[in-house]
Each structure stands twice: as structure tokens, then as C-alpha cells.
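Beneath this line is the structure, given in C-alpha cells, with notes to follow.
Labels A, B, C, D, E and F are assigned to the chains in the order they are written; within every chain, residues are numbered from 1.
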Amino acid sequence: MSEILPLIRKEYLISLANEGKREDGRALDEYRSLDIRANVVDKAEGSALVSLGGTMVFAGVKVDAGEPYPDTPDDGVMITGAELIPMAAPDFEAGPPGEEAVEVARVVDRGIRESKALDTKALCVRENELVRLVFVDLHVMDYDGNLIDACGVAAMTALATSQMPVLDENDKPTEEKLPLPVRDLAVPCTFVKLGNSLLVDPSLDEERALDSRITVATDQEHHVCAMQKSNIGGFSLDEIKHAVRIATVKGEEIRAAIREAIK
Amino acid sequence: MSEILPLIRKEYLISLANEGKREDGRALDEYRSLDIRANVVDKAEGSALVSLGGTMVFAGVKVDAGEPYPDTPDDGVMITGAELIPMAAPDFEAGPPGEEAVEVARVVDRGIRESKALDTKALCVRENELVRLVFVDLHVMDYDGNLIDACGVAAMTALATSQMPVLDENDKPTEEKLPLPVRDLAVPCTFVKLGNSLLVDPSLDEERALDSRITVATDQEHHVCAMQKSNIGGFSLDEIKHAVRIATVKGEEIRAAIREAIK
Amino acid sequence: MSEILPLIRKEYLISLANEGKREDGRALDEYRSLDIRANVVDKAEGSALVSLGGTMVFAGVKVDAGEPYPDTPDDGVMITGAELIPMAAPDFEAGPPGEEAVEVARVVDRGIRESKALDTKALCVRENELVRLVFVDLHVMDYDGNLIDACGVAAMTALATSQMPVLDENDKPTEEKLPLPVRDLAVPCTFVKLGNSLLVDPSLDEERALDSRITVATDQEHHVCAMQKSNIGGFSLDEIKHAVRIATVKGEEIRAAIREAIK
Amino acid sequence: MERVDGRRFDELRPIKIEAGVLKRADGSCYIEWGRNKIYAAVYGPKKVLPRHLEKDDRAILRCRYNMAPFSVEERKRPGPDRRAVEIGKVMQGALEPAILVHYYPKSMIEISVEVVQANAGTRCAGITAVSVALADAGIPMRDLVPACAAGKVDGQIILDLAKEEDNLGEADMPVAIIPRLNQITLLQMDGKLAEQEVEQAVALAMQGCQQVYQMQIDALRKKYAGAEYE
Amino acid sequence: MERVDGRRFDELRPIKIEAGVLKRADGSCYIEWGRNKIYAAVYGPKKVLPRHLEKDDRAILRCRYNMAPFSVEERKRPGPDRRAVEIGKVMQGALEPAILVHYYPKSMIEISVEVVQANAGTRCAGITAVSVALADAGIPMRDLVPACAAGKVDGQIILDLAKEEDNLGEADMPVAIIPRLNQITLLQMDGKLAEQEVEQAVALAMQGCQQVYQMQIDALRKKYAGAEYE
Amino acid sequence: MERVDGRRFDELRPIKIEAGVLKRADGSCYIEWGRNKIYAAVYGPKKVLPRHLEKDDRAILRCRYNMAPFSVEERKRPGPDRRAVEIGKVMQGALEPAILVHYYPKSMIEISVEVVQANAGTRCAGITAVSVALADAGIPMRDLVPACAAGKVDGQIILDLAKEEDNLGEADMPVAIIPRLNQITLLQMDGKLAEQEVEQAVALAMQGCQQVYQMQIDALRKKYAGAEYE
């Protein structure tokens, strides 16, 4: 993400923001159009295709069975990965995930994990021996800013619509399916700071111009379940309070969109 | 394989080919001298050293036991790998196999696999649990053109002479040996197109000058069991028919040489 | 380790050495100050922090259980690794161990292994099935010359003070602890040749100026248990005899320091 | 012969091609071919990195074929495996003869195929889509490159094998052509075919390619309405 | 509320900071924070390798966070894992705003944190130590960057969670600040907090940072006795 | 003492050395040493890649030691493991002192050893073969570098341990020398030896090297018949 945006362009975006405006006409606390489609890949136990402005992400869920981690012997395991494939942007490179992709995957994972949206206890088959492994793979097809929110919505939607095969007495998957035990909808909400303003759902250009970034994930009880300040720059305590406030409101809007998509 | 061959040299080879000639005096459908020696490595279950002109390849077979693939629970597993080690050419680099090495291994593998030369059913010990794993490793020592054919002959010869240890009741290898269940001899035959001519068994220079390349693998019933068009350039339908025709004839000659070497 | 030391500096060190002197005032057969502290990391089964002049190394021992190697079915397994992390020197790079780190780990390992300082037979739980795995990890924090000796002392000290958890009937670790079966103290002693002199415990600058290097590991019965000539250059037979002689003496001094540190 | 999905022996699965579906890529294409769902993207011509791969007289091509972890029955580890590396290589061999690479010396054209749902025939669908994406990116070409497989099932040579046919069939042969030059630029085969069956299968696959070719043109016409492509 | 180690809700674990502990590094620091034992080193400003990462107008930072294999309960495979990669990234984001990177165009500052014993709060301890190591290296900064976590255990917002508290607690929130600018440059959180609890925890963590800040200054004073830092 | 294969204590296994066995390499050698089968190849002097490794005043050496997957009892994963990396390093240290590297500044000599059948003593056989390959490539040298191991089995110091002797023996010590300079350039040992046994073993190995040296010369004479080497 090292493309150079001339300083003059950054200053333009900041001056707009200081007037409460954005280049694409949105309000500072307004998301771009969000399109959520569930069950788009029939080989996956659950899937979603999310478009947020020009950003497009597939999420796919596969469920397997295996050993639990030694320190959580009766918990199922959720593993979240993100690939920023060369298709999605001219500066994304093939190869193992870089720190950008690792951060996206870990922040999305943390929001879902900490909200306990996925009931991992219900994914235990036999304590200490066998639990269900839930792989959430995020495949970013088009990168137009705000990956974390697009990926977070895609992952949550894919999980919420997943049907996992029931195991038989020999621990082999059967034809019978059960929904994954999803009991909450955790969603991230990301802001960038431009000058003195916080802008929700940054576009690609706003991301390039950013001074600093913060993500606040909330659950349906309006609890904050994950936060992540990213990139260079800092926030005052008041700015963080403001971000949490907006994230709680926006989270509800996004959850409504997910519920609409999966019903 | 990025060495630069001056255009003039390429044109010379093409003009020769158009007269039905080759630089080393061979006919267009004539192989270079082929030397096959079996059982050259006593640590391997089977082995071969093949020289085709200046190209020199070792193949070694090792047999182990392990789990079958889930979708073929009663089939033994053959795994073919090729290494283009720095010894073999000034532009071969150390490291994991590049796309050249991957293609060689996969085309050789496909010819043998699709001909069912190796009876994988006979390599099943207990369905779903334990099958024999057959590793075919191709170690290219000297690269002087037409790797696929040299590797294909080496792999087939090594398999056909392999003696695998019989397992005891605890699935441990014993001193007793049995031949691998090899019931066919599949061999690849490779052509390059220079101008309007197809040349069998290309030399290094002919490979460098090539417009396009095609490999046709045949079995002893003269069936085609694998084909691979490689590199840039194309073929007409007639050229493909011609290649298949010649491959059938040449395949028989090569099989005769293998039979001679392993008897 | 490719920093350039001007030729003139090398010549100065050689002229000093030819007079039996060293830049830091040491005798040719004199070690820098050696500080050994055992049990410095409470998460490890055994640990040591060794400072040798400005070189500083942590060794940590972790004990696990697993399958033995097929050719030594009743022997526990010791695995020694060294990391030359970017913290330790401006030219150490992140990533998998380079040939320098591999050599350090293997020479340290060899001294301990060949002296039979660790009684691997006593680490067998059930022949062919389960043995204890002993991981010795060397973490080089500051590199000021003579890594092998600093690492060798750190590894030996960490092993000698290790307490491994006893396994219960289900092969799970219990709270009960037993010392690792360590019955000897093998230590390496490293020399560089500068001009016609052998210098023990080379400093960073002496290493940079070296013509050749040799390590001699000895056990408490004054047997030589490992040797390694390293880098470019050679030795005469007489020089090797001299090195072995000195190493036997110095080994005893170092063992005394270890005994003092672990008592 | 009755095919599993009721098709005639020379009938393609339903194919939907859409050009220009991605924002960032210079050219892109989405294809649904039977139950395959595949995206293709093209970036370039652009600067060559690393520099030593640069060619003085032409653009170089880089072809990446990749499957999403969730695109197949068993979860696939992320990133191209050996099969994907080979497909990337033959894709390049299929496409490069159609591209006027000499127009762009010292540059690079980056091609990506991402399979999000796989169901037999992904390499043909991928090549077909890339070719449309190249046109969408404005890369000058001698022609589009349509691709289509033929194969042998139950003793019959048939067009465009579905997954179940491929699993049980006797042979599968993916083919790509440059229609204007009547050149075959992709040809692979695995299975067993008699000599004349090879000929028959290649010919049938070439017919399939011609049908695919029309769909490619239609997709580009639809995107660039009013503009004539042929 | 009684804490496991008897601390008050707003009390830090014992912290020991020592500047200039390594010979080769341009600046270094050793920190013991509770039972954490961590080294930080700084090299640079130095030439940028590979060159294409060079910036015309400023120094770039490289941040590595790594745990020794023996630093945790289960032996860790050597080298940074995904968690370590993420921590390296947020550490950079926490530190860079305090560094006058524009003083050193076309150069690179390499930062390492090596954890030899881990016991909750390693990233805060690491940032705190790096900041001292940067000062020890003479890198010009707007200010030191102290870091400290707050969290929620048994319904209470408390400062600087120990390992046992982190394992059982409801939330953990590491924070770093630039005291002179009153800016928060590290903020992460996992767990569950109500809106006003977030505010309360951030405020408490910032107070903790102020205490840590004094210890940083003391450590530098001790090393550079006679020289005034503030 | 009776040795497993009936040799005297100071007797080498049968050795066959053939120079110039590969077409592409600039110099090459095949060696059969007991049941070891090993190829050595030399490329260069050639341009240094990557460039930053280039030395202004001399050629650099790159040494690769590798075993074919089928060369040992248990199939080995392809590519050099840690043992192979170490052997590559000590091989370089053994050979470089004999090479007139200053004749070729800013260049690189690439050395490969490939073991296709292993049976104890591969590094000595490899160094011996490389040295002949270097001569075959026309690289100017101070001398050839012969190598040979000594060891201790059943309390006796003996020459050139076979696999069975190595497995059961008390010590193994590979040695390489530059005969004209009477310098030892490879010396490794593992096992247990008393001080005077070390001396005895080194001396015996050096005698073995002298025998190997004659065979190297003979192999080069045979290849370059008529030309005098010594």
C-alpha cells in the first residue's frame, strides 16, 4: 500500500473533512453502499460475497474435526485467514500473507472471538480429543479501501449461514447438517483521522491520506468486543470516545443489513 | 532457460529443419543415442540412470506405507518429483522446484498414472487405512535438452525394476521383497516445432529456438495416455495428428530399449 | 559477517600476536571474562545466560515427549537450534538460520552428544514408542566474537540445571520434576590463527582478521569429543596438537566455572 | 448416450461471461461455466519487477492460477500448489501467442485467475475469462483465445465434461485455440485414447472453442455496446 | 477487590528498566516488568536495504517483535508467528509518531524486541523498552513512548493485568501514549466492555503510562548521570 | 584387527575417479569410493548474482552439498538439510585455500556435490571429486585437495571408515589437506579420542590423503593424456 498520493491531494481531503465533507459526497459517519450476499459458494459450508463501495471480498467457511488446543480442551477452534491476492490491487503480491493481511485476519478474528459470537463450547465433540475446526478464509478480490469492515461483515455472514455436517459414531461426516452455533453478530467499524475529523468507512484515497486509523468492533448488546488502532499517528481520548459512540450506532445498521441478507 | 540464442542461429536451425535436416545430422524423427541402465543405486527400491544425448537423469524409487487419499481409499499412492539441480545447467537454481521442474514431474507422472502402468489397487494394504506410497524422484544431473523424455524413461525403468519390502503383520517392512505391480510401460515422446517442421527429441539448441513444444505419452497398446502442449506457440490439428502418429512408433522403440535394459 | 576490516588493522593484530600479545591485553591462551548464570528463565525446564566478553547468549531447554528416531528406538532425542537474531549484530538478518547459525548449533550439539554428557538411554520411556525430546535453543543477544564457546557453555549449563516433568501413566506431564540425566560437562574451546599464532577465545576483531579457526570440545575425562576446523585457511599438524593441548587445560577451567554457577 | 445433466454429446454447459467486473484491475472478467465461478484480472502493461526479467523487445507475461481455500470439497491450503503452478504455465503458453507483446517492450502484463467455486474445466474457463479481461484492459491481441475441453466417457467422445463425467470418464482433453490463426495453443490430455480418438476429440474441442468464442465476443459487445469488436 | 498478587486496582507490577545493556546495538534496553524479561535494541539510522524501500523525505522504521522458543509454557517454534507480525506492526504505529523521522531521509532505523520470558503485557513492556533504547541510540524524538495496559477482571477496571488476570479476565487493553502530545498511539482491546468502561479503561491505562514514563526517564537519568533528559 | 571388509587398518576402500563426466558443467568429476557414488560439478568463473556479494579483489566460492532423495536408507526430502548446509560450509573452507581466487576478481565459482548413493565418507569423497572438477574446469590452484577420514573402531585408529564401522565406531575424523603446503584445511571429529589418539588419527588421515592425491592425479592424467599435471 505504498502508492504515493501527492501531498496536495491529502490536503484537499483534509480541508474537505474539516468542513465535514467527503469527496464522494458522503457524511463523515456514512458508509458506502454495502451489498451482502450469502451462500454464494456451494463447496463451502457457509459463504458470503460482500461489496463495500468498490471493495469486494469473499468469505468461505469450511468445517473439519481435529484435536483441541491443550489449554482449551473443550473448545472448538476457529482459524481465520486473509489473502490479499494480486488480483485485488496492483501492489498486492503473491506469497505468504504480509503484515497487512495478518492484521486484517487477526482483527476480524478478534471481533468474532471476543464477542463469543461463535459458541466454541458447542463445537466440542469429546473433551481433550476431538473438536470441530472452523476455517474462515477471506479472499479479497478488489481493494478499494476499508478491508477490515468488508472482511468482518463477510466472515460474520458466512459463519451465520454455515451448515456443518454432523459426525457419525466413527467421527466421519454424514449427509446430515446442522447450523454452526452462532449466537451473536459482531461487526467492526473503522475510522480514519484526517486533520481533526474522524471519517467512517474510509475510501481508498482516504486510507492513503490517513494520519491514523482505528477499528471498533461491537456486538448486538452494543458492547465493544475488539479495538485496534492501526498505522502511524495517534488519537486523543475524546476522539476514541467519539469513535466508540459512532461504532455502536453503525454496528446496529450493519447487523441489520446482515440479518436481511441471511434471512 | 532464458539464455539468449541469437536470432540468426534460430533462423539457421529453422532453415535446416525446413530441408528436413538437423544440426547434428539426425532425421527429424530420430532420437539421439539413448542409454538406459537399471539398478544403479542400491539404497533405492528401484533406480535407473538414463542418458539421452548429453542429458543425464537418475530416477530413484522408494516405497513406504501410509494413509490413502480420502477420495481413493483403496489405491496406493505414487508421488513424482523432479529436481533441476544447479549441477545440471548454469541457469538452474537451488531452491524449491520452479514451474519448469513442476511441469516435468507432472507430465511424467501423468503418463505413467493414466496408462495405469502401476497397478495402484495392488498397493492397497487395508482400505481406508494403509496403502503403499511410491516415491519417484527424478534427479537431473546434466541438461542437454528434452528433459521430459529422459525423465519419463528413467521413471518407468526405475518403477519396472523396483523390489519393495513386504510388510509383516505389524506393518513393518521385512527382508522379503516383491516387485512393484508394474503392468505397462508408458513413455513420453516430445517434439518441438521449428518453422513448419516437427522435430522429435529436441537438443538443447533446438529447445532454445523452439516455437512450441508437445509431448505425447503412449502405452504398450499404442494408446495415447497423456499429452502436453508446452511453451509459447501453437499447432495445427494436422501437426498434432502427425505428432501422435510418430509418438506411437517411437514409443515402441523406446519400450524395446527399456525392456532390453531391465531384462 | 562480511564487515570489512582494513588490511592494516589485520596486520596490526598479526604483528601483536607474533609478539605474543593481544589488543585487549590478554595472553594468547587467555579467555575474556566469563559470566555464567543458571536458571534465568522460569518458563524453561533449564536455562542459562552466558556472557563471554561482550558476547551474550541465552540457552533454554524445553522437554517434551514423542517418537524416537527409527534407527535409535531406545534413545531420547536432543535437538539443538541457534538463532542469530537481528538484535545481536548489524549484519544478522531475520529468517531461517543461515550457514553460520547452523554450524554453531551443530558444533555445540556434537560436543554434547559425542561426550554422552546427556544420557539419552535414560530418556527412553517405551522403546520404539515414546522417548523424551530435549530441545536446546540458543538465543544470541549480543555478538562480540566466539559464539561457539559462549553457546556451548550456555547449552551445557542449561542442560545440567534442567528439571523435567515426570510423566504419569497416560504420558501426560505431572507436577513432579526430575533432573535431566546429565553425567558429564562437555565444553568447546575455540582458537583462531593469526599469522603463526593460535589465539584462544577470539574477540570480534580477531575473528574478522582470522586466517582460520578451530574448535576442540573436551569432556571431564579430558577426552576430545568434537573438533571443527572452520572458515578459510589451514593448520599444520603441530598447530592442531597445540590446540588440543590448550583445549584440555581450558576445558577444565570452564568446567569449574560451570560447576560454580550451577551448584 | 444420456449425459448426467441431459446434454447432447457436443453441448456446452451454460456459460455466462461478464467483462469489467473489478474496479482496481485494468481489465477483468467474471465467468460462470456450469457450476464453476471464476474471476480473471489483468494489470499492465507495467514496469517489470524484478528488473532483470525485463525483455528489450517485448512485454513479459505473468500468469497466476489460484483456487480459493473454500472452492473445492476439501479445504485447500491458501496459495498455488504444484497443480496450480503447472496450470499457470500452460495458461501462459495458451495466451501469449495471441498477444502483441512486441508493442510493449520492457514491460509486464500480470494475469490472475482466481477460482472461487470449482467444478471441472477451470483452466478452460480461466483462459476464456482472461482473454476477455485482456480485451477489457485494451491489450492489443491478434484474436481472443477461447478454450474448451473434450473427453471420453462410456466410450463416447463428448464435449465439456462436468465434474461427475470427469471423475468417471476415460479421458479429458482441455484445448484452447486462436480462431483466426486456426492454431491450438493449449492441449493437454490425461486418460486413454486411441489415435483416431485423439483426432476426434481435438476436433470436437475446437468446435466447442468456436462456440465459446462467440460468447466472448457477445460479452465484450455487451460491455462496449455500440463499439464493434470483430 | 483483592488482586492475585495483592496489588491495588491502579498499581503497576514491579518494573525495572536498564538502558544501554548491549554492546553491538546502537541503543538498547532491558526491562523486567513483573515476570516479563525483555530486551530491546535499536540499530541506525543506517542505509536502507533493499533500496526500493527508501523514502526521500524520511527514515523508515522496521519493527521486529520475537519470542525466544523457551519464553513461554509450550516451546514456540523459532521466528515470528502471525501474532508477532501483528505486534511488530502496531509497535511501529505506536513509536513512529514520536520519532523525528524527517531528520534522516533515505535511512532506516531497525528496532528489535526479544522476549526471553513472557508473562502478560509483553507488547507494552516492549514498546516501553524500545523507546528507552531509541533515546540510548540518540535518535531524536518528540518524546518517549510509555505503554501500559488496563483491563477488566471480575467486573472491575484494573491496571496492568498479570498473566492469571489476563487468562480469567473479561478484557485487556494495551495502550501507549506520547505524553507531551497527549496522544494515544497504541490502542488494542479484546474482551467485552461497555461504552463507558472503554473510556474508564483508556483513562486508567493513560495514568499507568504516566507512571511508566517516569521510570523511563529515571532509567535514562541513571545511565546518563548528570545529563538532564526532560 | 579384522575389519568388516577385510581391509588393513591403513587401507582405503576401492576408489574410482573419472574427470569430465558432465556436458554442461565447466568441470566435473564422478567418484566411486567404496559404495559411495558422487558427482561434482564446477561452473565459473562467472558473473556474481546477486551483485552485492561481489568482491573487488577476488572470486567468491559457492559450495552446495546435496543428497538425492534415494541416496540413503530412508527417503530424504529433496534439498539440503542442516547437515548438508554445514558440509557445504566446511567444504568451502577446505577448498578455497587451494584456489587462486585473486586471479578472478568480481566473479563467482559455483561448486556442486550431488550424492546419489551414500555409504559413509561422502564429504571426503565430495571434496576429492570437487578438486578434480576444479582442475577439469581449468581453475588455477595451488594444488589439488585430497580428503580422507580416519577413525577409531574397537580401540584401534583406522583409515577410511565404512558405513558399518562408522555406525559402531568410537570416533570419525574427516580430513582434507593441501599436500604442497602440508596444511590441513578440513578437520572435523566426532566421538571420543584421547589427546595422543587425535594426533595419531590426523597423521593416519594425512597418509590416506596422500594416497587419494595420487589417484586424483592419475584421473586427470587419464583424462588429459600426454599432458603432465604435476
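Basically, a residue touches a chain if its C-beta (ideal position, glycine included) is under 8 Å from a C-beta of that chain, and two chains touch if they have at least 3 such contacts.
From a predicted model like this one, the values you see are computed outputs, not experimental measurements.
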item	value
Minimum number of chain-to-chain touching steps separating chain A from chain D	1
Required steps from chain A to chain C (each step between touching chains, minimum)	2
Common touching chains of chain F and chain B	none
Chain whose mean Cα position lies farthest from chain B	E
Whole-Å gap between the CA centroids of chain D and chain E	51
Between chain C and chain F, centroid-to-centroid distance (C-alpha), Å	27
For chain B paired with chain E, centre-to-centre distance based on mean C-alpha positions, whole Å	57
Chain A residues counted as touching two or more neighbouring chains	97
Where chain F touches two or more other chains, by residue	none
Chains listed in ring sequence, where chain A comes first and chain E follows it	A, E, C, F, B, D
Residues of chain F defined as touching chain B within the complex	22-25, 35, 37, 39, 41, 43, 46, 64, 66, 68-73, 75, 78-80, 110, 112, 114, 116-118
Residues of chain B defined as touching chain F within the complex	40-44, 47, 54, 56, 58, 60-62, 64, 81, 83, 85-90, 94-97, 135, 137, 139, 141-144
Chain D-touching residues of chain B, taken from the complex the two chains share	70, 97, 99, 102-103, 105-106, 110, 113-115, 212, 214, 219, 222-237, 240-241, 244-245, 248
Residues of chain F touching chain C in the complex	74, 82-83, 85-86, 88-90, 92-93, 96-97, 173, 177-178, 181-195, 198-199, 202-203, 206
